[in-house]
Structure formats: structure tokens, C-alpha cells
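Two complexes come next, and they have one chain in common, chain A, joined by chain B in the first and chain C in the second.
After this line comes the complex of A and B, so read on.
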């Protein structure tokens, strides 16, 4: 039964879908224009530091209204012209280029950048599926960060609070924190994020959303601003597994403009009772870094008891972890940061102030600009346009690619990456696991926003659990199972599937979601 | 001047060349934008070429095909697995901040180009490798005072970089190598070969050594865009290095630029200032994977290559190898030659070749146009030009008169050679009866010369022949003129 007491824009995507299509006479019928007005009104309270969650950088009110009018018309007329996501408001992380709408990547560098094109996934969602982008979500600058606090537009605030410290603002996680917060705050039913090493899964866990990152290559990266090309994937935030699936299934598809994009390979999923679940946690040598791990395991095991008659196997303690099998956590964080920073240093080389974006004026003002040499102009533009975390990663990436360091860093990291792929392959092929379960993040819940980790390399540990499947390009889903009894904050797990097993991943997640909603 | 002569006999210059040839595909290597030359600035720039945020490269299959065919034509071995890498440096006309190139795993390894200098037998020059890469844009200085403008039309155009082994030993050999390479690439349509437009550019690595000593330290001279500059730069550089060494100095490894006005090379940056390009495999482009059958399938599409053409021209037309080589430098030229040779009656193939390489070439240089442009603009197709050559071959006009007719053919493109001959009155004067009155008049008007001939100054005879030919505007048969003059003067 649909919940009629909720404001329209707080509905689930599935409910919106149904109610947008009701007969005109039906009192529960949603009109796309009214839904849009409610959504925009809500979103306006979340732009800029100090306003709500600060989850938006830019709103495209006029564009969204115009599209809503067209959708409303189509829905009234009915028939074939009504598309799957007709009239559904969505929000996009500001890494996705949107034609005619400012796209900043959370950076001063692109503060004035209005792309004349849209990302492929945006085209698919809007032109083919009829969804409506209302605006661009706040994020860590160029997707580099785990707390959405490195944005030029201020930090994102988590709409959730810790019951025990209700006056403390929490981080929404990162880097796609704005998208996560917009969904968690009920502004939009779903939003797009990008996930390079956990940037969808971790903020989803922090805000209690479902966050899915598909198999690398499934969604075209065309028009999605690059951070680390070999790892970047578009992902979806939603408030339920079904909602997330509905959006993701409209974003698939081979795109010849992205040579790393692939066609979806149809796979045969198993029925739920045949699925083999494995709980994968790091080897003992890592345990000291993760004080919450044992309690997480105990809690997960007690909660999973009786789930569809399945008894998950703890891979860490089973025979499965034989000598042949490399621990996918071993060296993965180091390999990830070397590869991601190397690629970032290269991908961000195009921001030089020459053709678009931020250009430094000389100290004497624009009229004296010609007194700067080209190299000075580029250096000052990048120095002023990029924030400190971006600069740090560019410098480290430049270092690992430099002659004399490449062999010992970048080359080694690629070797580790291949070994990690192989260890997952064995887990799926030889040990016949279908879905692997792990924590999403070491802290396992949202941390305080005031905590300044920006100069602490330990912030990179935040990606410990999400990075290994990213290196392998596997599809993953972050699922909130229940609320913590004490803090009231979400308790989430990461599900990892085999390549192209998105169907299986959604199926297991859906049943877990039902199991837990029934239990709580 | 030969670089062989520049250095003393016991010294030699060692040259290796890197040739950059622009692929003449209609679109760029990694974008759908067109790749023409000479458009207004920034007329053919896609979002990919200007490196807009979120844009990704995709490999243009046409460029890959042309590169594979070039590899076949250069007798190289095509790697079924090759990798695009990023080469980083910051410059205003390099939008991505890196150039996509191939380093560790190029498309082709090995290969050779056969060169022949005039009067020498041919020699194979080994090619080390060939890879694909993208061109940069252009920085335009001085278009707006005090500012540098950037034109990205060329940004992303596909290039082949072809690296020779250091086997060239003189500036003439280097020039012959580039010229042959150019004709090979042009014959398969991989490159238009226009050096003046920058479609083909050469970097020369030059060092000198005492014969059979280990290789000396080399200097790289960048961006030579004509064969003449290439020869001049190598000669200058060899002399410069030789002087330094003889003066007790050492050569510093560096990159140099050729100043074509002064004819000298100048240091640009030393080895210490060299960039660290931070190459790494481009994560946006999967390794280029080719099947054996695909690669071999393209071999079948190769047209007749210059070497095969040279042998055929030598055997079928009895041309000297050097002349056949000159004709085969340009496919259009050698096609045109073969058509003319079949149409020109009574003229040897060698004469036809000389007409092309000397008489027609004069107008090409004078008007600075290509042969095909000259032919189409002045209606010089093989039918009309063949008619002219037949008039000469059949003895209707003299070779000298032929040149005048050719000049008129350019002035009056719609008139046939035969009509022009009639109009200009250039028919050969073969009859003694026609010539006799003219020669008698000549002798009458120059009695003092007649007297001096008859007094024993036989050298004056040549003067009379020259005067006779000039009076007849070259129409007279010099042999008959000689006979008649001898009779008249002795009488």
C-alpha cells in the first residue's frame, strides 16, 4: 500500500512510477509538474554551505520545469510515448557533464564551466528513459576524498544524526556525498554518483542509502569527468534495492565513444536457495587496524541467521583461504592509490587555464596578464584552481610515473592489481562463491564532520574494503541492513558479485533487504 | 655539397632519421573531426581534440588500416598487440597535457627502405620501428600583438613516426631515404607527402666519428620540413661537430633547431633539460589487438609500390634506374609517364621521360603547382600532350619548336598542338628549296663573316648555323642547314 502521508517527493521511485501513471480521476495520482515543484522547493534549501545538507552545487530549475511539463503531457496522453522513468526527478553528481548546465567537479577550476554536451548515462536516463535531472550534487573535488569535505562549495552534511550526540554534524561520506545526502534527505528518489575506490558505496553506507557500482565498463564514461580512468564507474544511490535497479538498468549499454565500455553480458542467475555467500574479511595481520571488525562479524552472523536458509561461510577462517589464494586485501590499498593518483595526475593535466576553466590573472591584474610566461600561467592557474587534496594527488601521481620510480611503484601496483583479480577469480570460479559480503568501511558508520583528516594519510584507510573489488572491476552494492541499536545510524554491508552478475547482486540484496525489514 | 666531402676522408657522418608522416585519413586518429590542411583556425576541432572534461578518445580504424598498410609497404613486421601510451608535457597547443603515442609496444618493428643515389647501386636502409601517435595543435605568435593564439585544427591528426637505424652516411643518402619513404607512403595513400605543409617532417640524429670508431655523441635536429633543409642541416651539423672534436672539445648531447635563413643549427635544450615524459599505458584505450588474418588481408590491398614500379619501368621502358626512380617518386607522375609513353609516336621512352622531368618540371617549379594541378588546369592530359610529343617524334616539328608549342599550350588550353604549330608557323623546314633562299640571304647580309670563313676561320661556321636556326625559329633541320651552308660557303 502506498504511503499517502508522505510528501510526494519522499516516495520511493517505484511508488512514483506507479502513481504518475494512475488514471486522472484517481486522487492518489501524481502529476509530474507538481512533483517537480515539490522537489525543487525542497532542493533549494540544500544549496551552499550552511543550508541543509549542502548537497547541491547547481540547480537547473527552468530546465527541470520544462522537462516536467513535457513528461506530464506524455503521461496524460499515455501510450507508447511514456518512457520508463518518465517524470522522475533525479540528481547527478557534479562529475557528470550536463549540456547547458554548469558542471564543476566540485572544483574552483571548473567554477565557470558549462559543457555543450551531456554524459552518455545522462542522455540515456533523460532522452531514452524520460527521467529529469534537477541539478548537480556536491562532492569531493574531482572525486578525491572520502568525506565530501574537499569541495570548493563547502562540505556536505549528512541528514542523519547520531542518537547519542545529536548536536554533532556527521559527514555524508565521499566522494559522492552530495548525491547520497540528497537521496537520504528525500529530495530525490535516486541520484547518480561516481565510484573509483568506494565513492558510491561508502557514502551510501554513511547515509543509509542503497549504493550500487556496476561492473567496470557497463556504463559508458563518456562525458563523466575522469579521475582514474581504469577505475571510474558511474553508480546509483536510491532508498531501496528496487529503486536502484530501476535506474541502473536504464544506464547500461555499449557506447562507441568509450573504448572501455562493454555490452552487458547476459548471465544466468541462481535461485536464492542455491546462492553461496562468503563473508570476506582481511587476514589477521590487518585486524589491529580495524577494531570494529570482530563486533561487525558477530553482529552480521547473528543477523543473517535464518536468511533464506543460507549459511554464509567466513572465508577468512575457512579452508577456502589456501596458500594459492592471495588475500585480495593484501597490498590493494597501496596499489589502488598508486594507480589512481598516477591516472589522476595525467587526467587532470588538461586543466591548464588555456581553453576553459580557471585562469590565473597576474598579480598586477588582467591587463598585465601578458607579463606571465606560458609556464607561469599554467602553474598559477593550477595552483589557484585546484584544492590541496587534488594537488597532493597530482604530485604523488606525477612522482610514481617519473623515471626512476615507475618500475618500483606503478609497475608493481599493476602486478598487485593482476594478483587481486586472480584471487577474486579463484573465489568465484574455484571456490564457487556467488556473492561475497564484507564491511563497507573500517569505521562502519558515519564519522563526525568536524573531524579534520585532510592532512592525515590515514584517511585513505577509509577505502580499505571498497578498493579491492574496484581494482578487479567487480560489481558491488552497499546495503544498509538495519540501524545500530545505540547510535541509530545505519549498519551496512558490501555485496560483491562476479563480473556482469548485477542481476544476482540485486536479487540477493533485495531478499536481504526484505529479510531485515521484516526482522526490524 | 656532399657531407662526404665536408669531412676529411677518414671521418664519417652517422645519421638516423625520425620521420613524422601525417596520415591522410579524412578524420583524426582519436576523434571524428576532419583532418584537412589550410582551414581557418579552429574550424575542425571536436570536443575530444580540445580535451574538454569527460571526453574520451576512440581509435579511428581507418588510421589503423593505413598504418598497417604502411608497415607492409616498408617490409616491417606488424605487432598483433600494440599499446597506446601517454607522453606528458604542458604546452598551450597540447590540450590534453599529454600526447597519445606508442612507446614500448609499437605497431611495427623492423622494415627497410631501398635507396639509390645517381650512379650508385641501390642499398637497403633498416627501419627500427614505426608507431602511431597524435599531432599537437599550433601556437600562432604575432597574429594578435603581444599574444599567442592557439589553433587546434591539427590537434589529434594521426601521425606515423618512422624511425630508421643510424645507417645513413651522407646528407644525400638521408635525402634519398626520405624521398623514397615519402613516395612509398604516397603510393598507398597513407600520407599526401606535402613537406611544405608539414605533412611530412623529419628529425635528424647526427653524429660524426673517425671511420670504424665507436659511434659519437649525437645531436637531434628537430622539424626539418624540406629535403633541402635536411641536407643543409646535416652538412652544417657534421661540420660543426667535426670542428669541435678537432679543436679538442666534446659534443654535448642536445636537441637543436635548424635556422633555414642562416643555414645553421642552434641549441634548443640540453640532455639535462630534457623532459621526463612520464609515459604510461593510456587507461582510456585498450591495447590494440589485431588478428593475423586482418593484418594479412590488408596486404592484399596494397597497390604497386615504388620499388616494383621502378623495376618495371626499367625492364619495360629501358629507362636508367635513376630516371625510373625519379618518375616513381610520385605515383601520378609515373602513371602519366606510362600513358604518354604509349601515346607518343616515334619518341623513345627515355625522351618522353626527359620531356616530363625537364620541360614539364620547369613549369611546375615556375608556377609552384603539383603535376596533377598543372595537367587539369591547362588541359595537359595524356591525349593533348601525347599529340605534341608525337609531332616531335614524327619529325613534324623540331624539339625546340616543341618547347614553344608547349608554352603556347599553357596559354591556349583549348587549342590542339597541331593548330598551334600551324598558327605559329613552326612546321619543320625540311626542303632544300625552302631553306636555300633564307641561307642565301644570310650570306648576303654578312659578307665580312663569309670572307673570314673563306680566309680560314672555320669557327665562324657554327655562327652561321646558329643564325640560320634563329632565322627559321628552330624549324629548320640543322643537318640540312649544315649541308647547304657548306655548299654555299665553299662556292
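After this line comes the complex of A and C, so read on.
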């Protein structure tokens, strides 16, 4: 029975789907245009620092209205022309190119950039599935960060508050914090993010959303602004597992414009009662370095008791206890940052102030142009157009690729990456685990927005649990299980599946969600 | 500051100057000072630790695709020129253009 008391745009995606399709005579029927108006009105209160969550950088009101009118017509006519996500408002992290709509990557560098094409996933969601992008979400600049505070457009604010410090603003996590906050604040039922080393999973955990990062290669990266190409994947935020699945299933498919996009997928899901769950955390001898880990484990174990008759196994106590993935010093965090920064230094070389993007003012081709060489013009444009964290990463990425360091750092990181992939293969193939469960972040919950780690490499530790499966390219899902008794903030877990086992991941997540909500 | 940390600072200053040149990036004075004073060494030393790990048996991994069940090669497109966007569309985002070309500072004397 649909909940008629909720404002239309706060409904779940599944409820929207159902109510958009009701007969015209039915009082509960939603009209796509009315839904869009309410969504846009809500979103307008969240653009710019100091406004709501600051989760949006740009809104495409005219475009969204036009599409809503066409969807409304299709829905009224009914029949085959009605597409799966017809009339559903979505928001996109500002890493996804949208034809004719400004796309900034949260950077001054792209403040005026209007792409002549859309990302493949946006094409699939809008043209094939009928969803409507209402605008572009705020984020860490070029997706580099874990707090969504490095954006040229100001920090994102988490819509949730800590019960014990209710006047304190919290970080929405990062880098896709705007997408997470837009979904958590109920502006849109789902939004796209990008996940290189945890940028969907961690903000999802901090805002109480479901966040899914699929297998590397499932979704095309065409039109997604590159950070670290061997790790970047599109992902989805939603307020329930079903809603997230509905969006993800409409945005994958082979695309020849991305050579890493796969054309053939084999899945082999098991029924829930056959699924073997493994809890994967640093071994007990390392727990003193992870102050929140024991309470996380205790809570997980007590709550999972009786879940669908399954008993999750702590991998540290199993035959697989030798796995290097239990060792926090396995090199995965280092390997991740070496590879990501190296790839970033190469990918971001395209921003030269010539073809698009910011150009340093004194060389705008006018009065002072003659005072700078081409080389200087490019170097100053990059120095002024990029923010500090992006520049740090370009410099460090260039360092690991430079002669004298390449073999011992970059190539060594690629070797560690192979060992990590092989460790996961052992857990899935030899030890027969189907889904691995771990924390999402060492802190477990959102930190205060005022905590600024932007000058401190300590911020990189935030990605401790999310980078190993990113290096292996495995599908992962961040799932809020319940609220913390004291803070009222979400208690979340990360589920990791084997390659292309998204169905299995969604199935387990859906049942966990029901179990924890008391529905099972 | 003892001698070795002075040497280290000198090394960081030289490294950063070289990296700015390699990456064609002019750091602001504040950011350069921060990196020279702290961040560069912190991150470079952290990265350098990775060489201590035993990886003798492991070849460098570039693409995770070989771990997929069906393995499979990366498919490349045919090497053919194609025009997905019009010239005017592409020039529309350029900071400076004229007569259908990008404008850059003079490079020929």
C-alpha cells in the first residue's frame, strides 16, 4: 500500500514507479510533471555553500521539465513506449558528462565546461530507460578526497546529525558526497556517483544510503571524467537495495568506446540458504590500531544471529586465516594510492587551458598574452585551475612514475595489486566464500565537517577497507544496517562479491535489509 | 634543524622543482612551501615502504580482466578516424579561438 502521506519526491523509487503508472482516476496517481516540480523546488534549496546540504552544483530545470512533460505524456498513453524508469528524477555526480549541461568535476578548471556529449551510463538511463537527470551533484574536486570538502563550490553537508552533538555539521563523506546527500535528504530517489577507492561506498555509509559499486568493466566509463582509469567505476546511491538495483540494471552494457567495458557476463547465483558469508577484518593481533573494530564486530555478530539461518564465518578464525587480506600491512593502501596518483598525473595532463577548461588570466589571448610562453601559460593555468589536493596528487603521481622511482614504487604497486587479486581468488575459489563482509571505514561513521585533514596524508587511511576490492575490481555494496544507539548515525557494512555477482550481492543485501528492519 | 634533515629538505626542494617541470604545473607559493616542508617527504617515504614487500613471484598487474572467469582479451576498436562532434561544438569550450582554430601564445619567433 503506497504511503500517501509522504511528499511525492520523498517516495522510494519503487513507489514512484508504481504510482506513476496508476490509472488517471486513481487519487494516488503521480504525474511526472508534478513530481518534477516538487523535486526541483526541493533541489533549489541545496545549491551553493550555506544552502541546505550544498549537494548540487548545477540544476538543469528547463531540460528536466521538458523531459518530464514527454514522460508524463507517455505514461498517460501507456503501452510499450513507457520505459522502465519513465519520469523518475535522478541526479548525477558532476563527473558524468551531460550534453549541453555544465560539467565541472567540482573544479575551477572546468567551471565553464559544457560537454558536447553525454556519458554512456547517462545515455542508457535517459534515452533507453526514461529517467530524467535534474542536475549535477557536488563532490571532491576530480573525485579526490574522502570528505567532499575539496570542491571549488564549497563543502557538502551531511543531512544527518549526531544525537549527542546536534548542532555540529557532519561531513557527507566523499568523494561522491553530493550524490549521497541528495539521496539521503530525499531530493531524488537515486543518484549516480563514481567510485575509485570507496567514493560511493563511504559517503553511502555516512549518510545512511545504499551505495553500490559494480564490477570494474560492467558499466562503460565513456563520458565519465577520468581520475584513475584502471579503478574508476560508476556507482549508484539509493534509499533501499531494490531501488539501487533498479537503477544499476538500467546502466550497464557493452560500449565499444570504453575498451575495458565487458561484452559478456556469466553469473551463477546461489539460493540464499547456500550462501557462505565471511567476515573479513584485520587479524586480532592488529586490533589495537583499529579502535572501532571490536565494537563493530560485536554488534555485527549479535545482530546477524539468526539471519536466514546463515552463520557468517570470521575469516580470521577459519582455514583461510593466512590470507594477506587480514594483514593491514599488506601494502594495499600504498599500492592503491601509488597507482591512483600515477594514473591521475597522466589523465589530468589533458587540462592545458588550450582546448577547454580554465586558462590563466594574464594569457587570455589578449593584452598580456605576449608576456607568457605556451609552456608558462599551461603551467599557470594548471596551477590556478586545480585545487591543492589535485595538485598534490599530480606531483606525487609524477614522482612515482619518474625515473629512479618507477620500478620500486609504481611497478611494485602493480605487483602488490596482483597478489591482492590472487588473495580474493583464494577466498572465493578455494575457501568457497560467496560474500565477504567488512567495515566500510575505520571511523565507522561521519566525522565533523570542521575536521580538516586536507593537508594531512592521514586522510588516505579513511579508504583502508574500501581500496582492496577496488584494486581487484570486485563488486561491492555499502549497506546501512541500523542506527547507532548513542549517536543515531547509521551503522553500515561493506559487502564484497565475486566478479559479476551483482545479483548475489543484491540478494544478500536485500535479505539483510529486511532482517534488520524487522521485516523477515 | 640537523644536517640530515637539512639535506632532506634540499632534496625535497629539488625534487619538487623537477616534478613541477615534468608535470607542467606551477604550484602556488603556499602549496610549494607546504609540500617542501612536510607533505612530499611524508607521502614519498610512505610510498617507498612498498618496496620492502616480497613480490618476487608476482608479475605487475595492469588489468583485472584476467581474473574474470572467462579471462578474455581487451577488445580494441578499429583504428579508424571518426567525428562524433562538430568543429564548432569542440571549439565552443576553448578559452580562445579564432577562424576555426585554438589560439595559444606565439610559439614561433
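What we mean here is this: the second predicted complex is superposed on the first by the 501 of 520 C-alpha atoms of A that agree within 3 Å, B and C clash if a C-alpha of one lies under 4 Å from a C-alpha of the other, contacts with A are read in each partner's own complex, and residues count from 1 in each chain.
In this section, contacts are C-beta pairs under 8 Å (C-beta built on N, C-alpha and C of every residue); 3 or more make two chains touch, one makes a residue touch a chain.
If you're wondering where the values come from, they're calculated on a predicted model, not measured in any experiment.
In the superposed model, A:79 lies in contact with neither chain B nor chain C. Once the two structures are overlaid, the count of chain A residues touched is higher for C than for its counterpart among chain B and chain C. Of the two partner chains, neither chain B nor chain C is touched by A:50. When the shared chain is aligned, chain B comes close enough to touch A:97, but chain C does not. When the shared chain is aligned, chain B and chain C each come close enough to touch A:117. In the superposition on chain A, A:224 contacts chain B only, with no contact to chain C.
In the overlay built on the shared chain, the residue A:358 is in contact with chain C alone; chain B does not reach it.
Once chain A of one complex is fitted onto chain A of the other, the partner contacts of A:350 are limited to chain B, with no touch recorded for chain C. Shared-chain residue A:408: touches chain C; no touch with chain B. By the touch criterion defined above, A:262 lies against chain C but remains apart from chain B after alignment on the C-alpha atoms of chain A.
Comparing which residues of chain A touch chain B with which touch chain C, the overlap comprises 113, 116-117, 230, 256-257, 259-260, 345, 349, 352, 354-356, 370, 374-375, 378, 398, 402. Taken together, the chain C residues at the contact with chain A in this complex read 15-16, 18-20, 22-28, 31, 34-35, 38-40, 42-44, 46-51, 53, 55, 58-65, 67-70, 72, 74-77, 84-86, 89-90, 92-96, 102-107. Within the complex formed with chain A, the residues of chain B that make contact are 47, 50-59, 86, 88, 90-92, 95-98, 146-148, 150, 276, 278-280, 283-286. On the side of chain A, the complex with chain C involves touching residues 112-114, 116-117, 216-217, 230, 256-257, 259-260, 262-264, 266, 330-331, 334-335, 337-338, 345, 349, 352-359, 363-365, 369-370, 372-380, 382-383, 386, 388, 391-392, 394-400, 402, 408-409, 411-419, 421-422, 424-425, 455, 457, 471-473, 499-500. Against chain B, the residues of chain A that register as touching in their complex are 95-97, 103, 105, 110, 113, 115-117, 119, 221-226, 228-230, 256-260, 342-343, 345-346, 348-350, 352, 354-356, 370, 374-375, 378, 398, 401-403, 406, 410.
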